[in-house]
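Input: structures, listed below.
Okay, so chain A shows up in both of these, paired with chain B first and chain C after.
The block that comes next holds the complex of A and B.
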């Protein structure tokens, strides 16, 4: 138990230092853009591909269940869109970013730790948090928000096509049904969720990267742990945020 | 292309998507021409912002906002405390007239609430955008239930107070039904008796003959005959024995009967 407390304390300490560095020290703009390119542009096609299939599954499963229960699936486009906006878009994007970007950050920072590059940075008087974490934090947060918007809209578009081709609801009928349930604030809440998820991923990845033990095993272990903990944190955060946002409805 | 430009393009694309989404959900509608109406209710039956507005069953707008107006009074002096601001598309605006009615209605498998507008008559004026109009309050199911509870309570009270007479009435009704049933059974049996059937057949024939006869009696010829007979009797009335004898003697007939 003592180890868990110590780990939580270390993580909170890292969060505190990050927040202070974020507001007190100058930003590495070029590095931030490089990271943003890696996070957003680099993950775009993977995310689009995955959310398209997630949308297909959502719409078909919803239709199947509705037909099973009330023998009518006319409401499916509406609440499938709501499900996509409230949950699927943000969570799938964040989980995919965790496995691609989070693992990458943990491995990169872990390798730097193992090869004593982080110690070298400290020796040169450079704050590793300022140098490594802040650009990644900003890039992942912004990237996650951008990708969340793209994922949500592409997901709805894919759902619309499937509704037209499989369920027989024309795009106009789909949009009418969607309008019945979906509001603009659903997208806002989704982006807010993405922002929190985007902050969580580099924080956890860098935390495990900074604590990486020496050797190839250490880097592998840090990467695995960062993906696992980031995924768990995203699911947990999703619950908290969904519960909080439910008060606005 | 520079990394910054690529990232910027993606960011711009996501902003465009946000605008498209806002347009799809009706938050922004630069190309749409709509009019506003303020419908006043005292009870809105669960309608929400974004609920559809339908004219003759066709969606033509939506509820834009709902606000409480505790101090609002209609020109008639009636206090109406709930304002529902709706938008109506230009295409349906001319169908809504001063005599249109604004109902709150239910539709669909999940009981979606919507605002139904009945079309007005052509001789009535159109509304002006932003005008205030009184809506038809939907029936309150909760009140109906509570009233029916009260009614049921009173019925039970009456039944308890007049338990003896109610029981007696039910017994009498039971006897009446039994007797009526017996009578019906008897009638049924009678209608199956051969003699009775023959009797009824004959009665029908007699009735037909009588009908034919009376029809003959009502004919034009018959009426003429009645007139002649009437005149004859009128003329015969003053006749007596000496007069008849005199008549017969004058005719050269010897009548010994007188």
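The block that comes next holds the complex of A and C.
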């Protein structure tokens, strides 16, 4: 139990140092844009592919169960749009970024720790948090927000096509139903969720990377732990944020 | 120049350094020998604040630094350069940028001054024409030399070497050992070298300190160590003799 408290304390220490570095030290602009390109552009097609199938499953499953219970699936377009905007878009994007970007960050920082590059940075008077974490934090946060908007749009578009082709609801019917159910603030809340998820991923990945133990299994273990803890944190944060946003309706 | 007083370092329940007392004079080349896991590298990392001691004092150039913050250690890291066991070069930077990196951070130098210090450091380690290459494009031995050049470029008063010849072939090992000697003589730096290489320690060290289980078990000049009664030292000497005999037999062609 003491170890858990110590780990939580270490993580909070890292958060505190990161916030201080973020506001007090100069930003590595070029590195930040390179990371943003890696996060956003590099993950775009994976996210588009996955959210399309998530939309298909959402529409078909909703229709099947609504028909089963109330013998009518007319509410599916509106209900699915709401589900996509409030949950699916942001959460699926964040979970995919965790496995693609978060794992990469943990492995990269962990390797640097094992090969003493982090110590070398400190010896040269460079703060590893400012050098490594801050550009990744900004890039992943912005990237996650941008990808979340794209994922929401693609997901709704895919849902609209499936509704048209399989359920027989034309795009105009879909948009009318969506207009009745969905509000603009749903999209805003979705982007706010993406912002928190985007901050969580590099923080947790760098935390495990910085405390990586030596050897190949050390890097492997840091990577696995970072993906597991980031995924759990995203699900937990989603609950907290959804609960908080429910007060605004 | 450098002094440790009752230095203690623990990792959890395990005590790695058990009250180290050691004084190193200016310009001295001191080798720290010992088996793996006896706290040799931990001592070096405590010296420059990469690890924090649990008790004791570290004096560098008349200043007690054990309680220094990360910010306060910046000036100590200008004085004390460290060459790591791994080359620890930054993969995304060229060789030139790797060496210039610390100069830009620690000093306010013009680009021409940085260029001249980078080239001088590379010349000291006998490396030419690789300024624009990246670490992955050069051999491990060359990476080690570049790592040395990066530290030397800062012109530190104290050089700390953490197993500088581990994983290198005998030719490069000899070259690195000669470099340590030459650098200490030409730049008048104090050198603290963690190593397993007894023949090298006997040939270039002013003093050899032997560690065992977090404590100093023997120390003295190479000549004094040859007559040591400490079992670990005798084992190191026997190993060194065996290596030298083997090498000379290989040269004579009597052993494959």
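By definition in this document, the second predicted complex is superposed on the first by the 249 of 249 C-alpha atoms of A that agree within 3 Å, B and C clash if a C-alpha of one lies under 4 Å from a C-alpha of the other, contacts with A are read in each partner's own complex, and residues count from 1 in each chain.
Quick note on the criterion: a residue touches a chain if its C-beta (ideal position, glycine included) is under 8 Å from a C-beta of that chain, and two chains touch if they have at least 3 such contacts.
Given the structure is predicted, the values throughout are model-derived calculations rather than measurements.
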{"item": "Touching partner for A:180 - first (chain B), second (chain C), both, neither", "value": "first"}
{"item": "Contacts of A:33 with chain B and chain C, given as first, second, both or neither", "value": "first"}
{"item": "Partner chain in contact with A:168 - chain B first, chain C second, else both or neither", "value": "neither"}
{"item": "Of chain C and chain B, partner touching more chain A residues", "value": "B"}
{"item": "Touched partner set for A:119, first chain B, second chain C, both or neither", "value": "second"}
{"item": "In the complex, chain A residues that touch chain B", "value": "33-34, 36-37, 40-41, 44, 70, 72, 74-75, 142, 145-146, 149-150, 152-153, 175-176, 178-180, 182-184, 187"}
{"item": "Sites on chain A touched by chain C in the complex", "value": "115-117, 119-127"}
{"item": "Complex interface listing, chain B residues touching chain A", "value": "3-4, 6-7, 10-11, 13-14, 17-18, 20-22, 24-27, 50, 52, 59, 108-110, 112"}
{"item": "Partner chain A, residues of chain C touching it in the complex", "value": "45, 48-50, 70, 74, 77-78, 81-82, 84-90, 101-102, 105-106, 150"}
